[in-house]
Amino acid sequence: MFRLIKIESSKLFYKLKSWLGPMLIMILVLTAFPLSIDISQFDLEKFYFSIIVVSLLMTSFLATEGMFEEDYEDGSLEQEYLVEKDFYKVVLSKIFVYVCFIGVPIAFIGAIFSFANGVAIGNFINVFISLSLSNLLLFNLFAFGNALSINKGAMLGILTTLPLALPVIILLGTAIRSIQYGNSFLEIISLMIGMGFLISAIMPLIISTTLKTHID
Amino acid sequence: MKLISAQNISYRINEKMLFHNLSLEVCSGEGLHIKGRNGSGKSTLLKILLGITSVSKGLIEYKNQDLKISYLGHKNAIKNYLTPAQNLQLFFDDLSLTNAFKWLEKLDLYQVQDELTANLSFGQQKKLALIRVLAQSSELIVLDEPFVGLDKAASELLNSFFHQKLSEGTGLILTSHIQPSVECQVIELDKTNV
Amino acid sequence: MFDIAFDNVNEIIDMNGHGIYVWSVYSIAISIIIVSFIVAKNRIKGVKRKIKIKNAPS
Amino acid sequence: MISAFIHKFSSPKSFVQITKTLYPLFIFTGLSMLIIGWTWGLLFAPPDAVQGNSYRIIFLHVPAVIFAELIYFFMALCALMHIVWRVKLAAYLIKSAAPIGAMITFIGLFSGSIWGIPTWGTWWQWDARITSTLILFIMYLGILTLHGSFSNLEKSDRLMSILVVIGVVNIPIIKKSVDWWSTLHQPASISVSGGSSIDPSMLYPLIISIIGLGFTLISLGILSSRSYILSREKNKKWVLKHV
């Protein structure tokens, strides 16, 4: 397991475009948004949250794009299969590395930008946690879409996983609203943590079955 | 000692029979050369023997479940955006890494070890990929067209590697259009197909 | 229960102004279903023809 | 044991033969019940006290939406059989049912939208049921695209089954979450259902059209699965005989 995490992290480290790209796009969207509306007219804080949800969806899709494609194309998956006899650990460590290196930084960026748009500083931790957790969920789901559509492009991935991602988006929206209005945040966050555990345990199992079918 | 044996295996793809009732076995210290024209299912057969692809019918038995197999298919499993040295660090743990670097030297790749693999020639990439098999200790070696793209020196090196491994008791399965210099039992897929 | 709910044909078509919605929905849905039946029938024919052609010489 | 039993009774050959004899019965029942149900509903049922005549779309809309979901559950059942026992027929049935499901979901969405214009004054509401039906439609499209994407058909059968099973787990989650979201988002200003206290003079034609549409869709499924099975098994001896 540790070996796999080491491999995945060093691979990701050298793929600049995979981890830097999503972060830059996150920054771009969050900067472009306030500029595109007339700030004086609207309550920026309210609108800002909806854009953060959408940009999270976008960037996490972008970040997981091609997650398994490269390993499938160059034969690394077969090699890993010979060593591990299963993909569960490979998938688990890959998602772990992606969430740590891309998901959490993106959540951090989102939380930082929320100050600039008038969210109270005391809420930083809350925003950061809910964004990170929804990134964990989204990465798991999009990894599944990616494993299904492996080298067939993004359209298939979107069609197959968008229905899965919608509940997460709704959950995140609810979490953010509860931060805004200051009620029952703990309930929602514990629901998200529970779902996070469940999905991070089950999804790699499904993904590994999918990958096995692909190399078959 | 039997390393791997296949009994009456058949494989179908999209209802098309690729091979039917094929049986083979490889003992330690033995080589097996799978021949056949393009598209006769050589690579698929290798994948079946490795347990990656499942057969439509038949049975495959290994000496034991954790038989150590090293394999190189027609996909190189090396990362283009890393240097050869970094690629080797991905495959090998610290113990066998020194051995791997020795092979890097033997195969004339030492000078390019810090260049990006994407800039290497086809033959150089193939050699780099072969190090995965060469520097690993295993009980069975499975290779898909190992001689393609190799120059004469490298082919000779590979042949002598086969000799050495076979005498050490390692099994060897390969597909190749070029005759390896080691003695092997031969399976012609075209004939079993009919 | 079995009395017709309308007085004349015009009323049936008009349905107090809602006729356009009701009838357009039904006609489009029915035509979609009919078309899919035709497509399915044609497909069977096409597949059968292909199989026949393939096996005719032997 | 179970596996042997299932394999024996799920050969594509016997499926095609049995459904071929059943087809005339199904199509006759389906079409005649649809005609009865819809004429009754369109001409004889009294107009609704609140909605007037536009409610008559219910006799198309409700059956369509019911079968949009039922077909998906049927596919999920087949997918489970395909994954657990590797029943080939199950995969064929999923593949032939998916376009029909997409079609009927589209009809359900479309009729609902049109119905919305005279009743709500808008053709779309981000209501829980509408949203989840839209997502169901996307799921059907995803399944169809997925199966069309790979050249190895057995591989795409298996991938499709995985996706269908994941999707069926997802349906209640989506329903629950969208419900939750929409009740938080906006108070339920409009309720889509006509209430459970529906008058018998409207209920009977509704039930008849539901059953009628069911049989019609089954016959359509028989036709499309027959063509698909024949094309997939075209090298088998029984297909030759059948043709």
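Each chain gets a letter, A, B, C and D, in the order it is written, and its residues are counted from 1.
One rule holds for everything that comes next: a residue touches a chain if its C-beta (ideal position, glycine included) is under 8 Å from a C-beta of that chain, and two chains touch if they have at least 3 such contacts.
Small disclaimer: the values here were computed from a predicted structure and weren't measured.
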C-D compared against B-D, more contacting pairs = C-D
Go ahead and note the Å separation of the Cα centroids belonging to chain C and chain D.
-> 17
Please compute the C-alpha centroid of chain B, do the same for chain D, then give the distance between them in whole Å.
-> 49
Rounded to the nearest whole Å, what is the centre-to-centre distance of chain A and chain B, using the mean of the C-alpha atoms as each centre?
-> 37
Rounded Å distance, chain A centre to chain D centre (Cα mean) | 33
Multi-partner residues of chain D (each touching 2 or more other chains) | 234
Going by the touch rule set out above, which residues of chain A reach two or more other chains?
-> 216
Quick one: which chain pairs are touching?
-> A-B, A-D, B-D, C-D
Residues of chain B that touch chain A when the two form their complex | 47, 50-54, 69, 71, 73-82, 86, 89-90, 93, 132
Using the touch definition up top, name the residues of chain D that touch chain C in the complex.
-> 38, 42-47, 52-54, 56-57, 60-61, 64, 99-100, 103, 106-107, 110-111, 114-115, 117-118, 200-201, 216, 220, 223-224, 226-227, 230-231, 234, 239-240, 243
Residues of chain A defined as touching chain B within the complex | 3, 7, 10-11, 14-15, 70, 73-76, 78-79, 81-82, 85, 215-216
Can you name the residues of chain A that touch chain D in the complex?
-> 144, 148-149, 152, 155-156, 159-160, 162-164, 166-167, 170-171, 173-174, 177, 206, 209-210, 213-214, 216
Chain C - residues contacting chain D, complex | 1-6, 12, 15-19, 21-22, 24-26, 28-29, 32-33, 36-37, 40-41, 43-44, 46-48, 50-52, 54-55
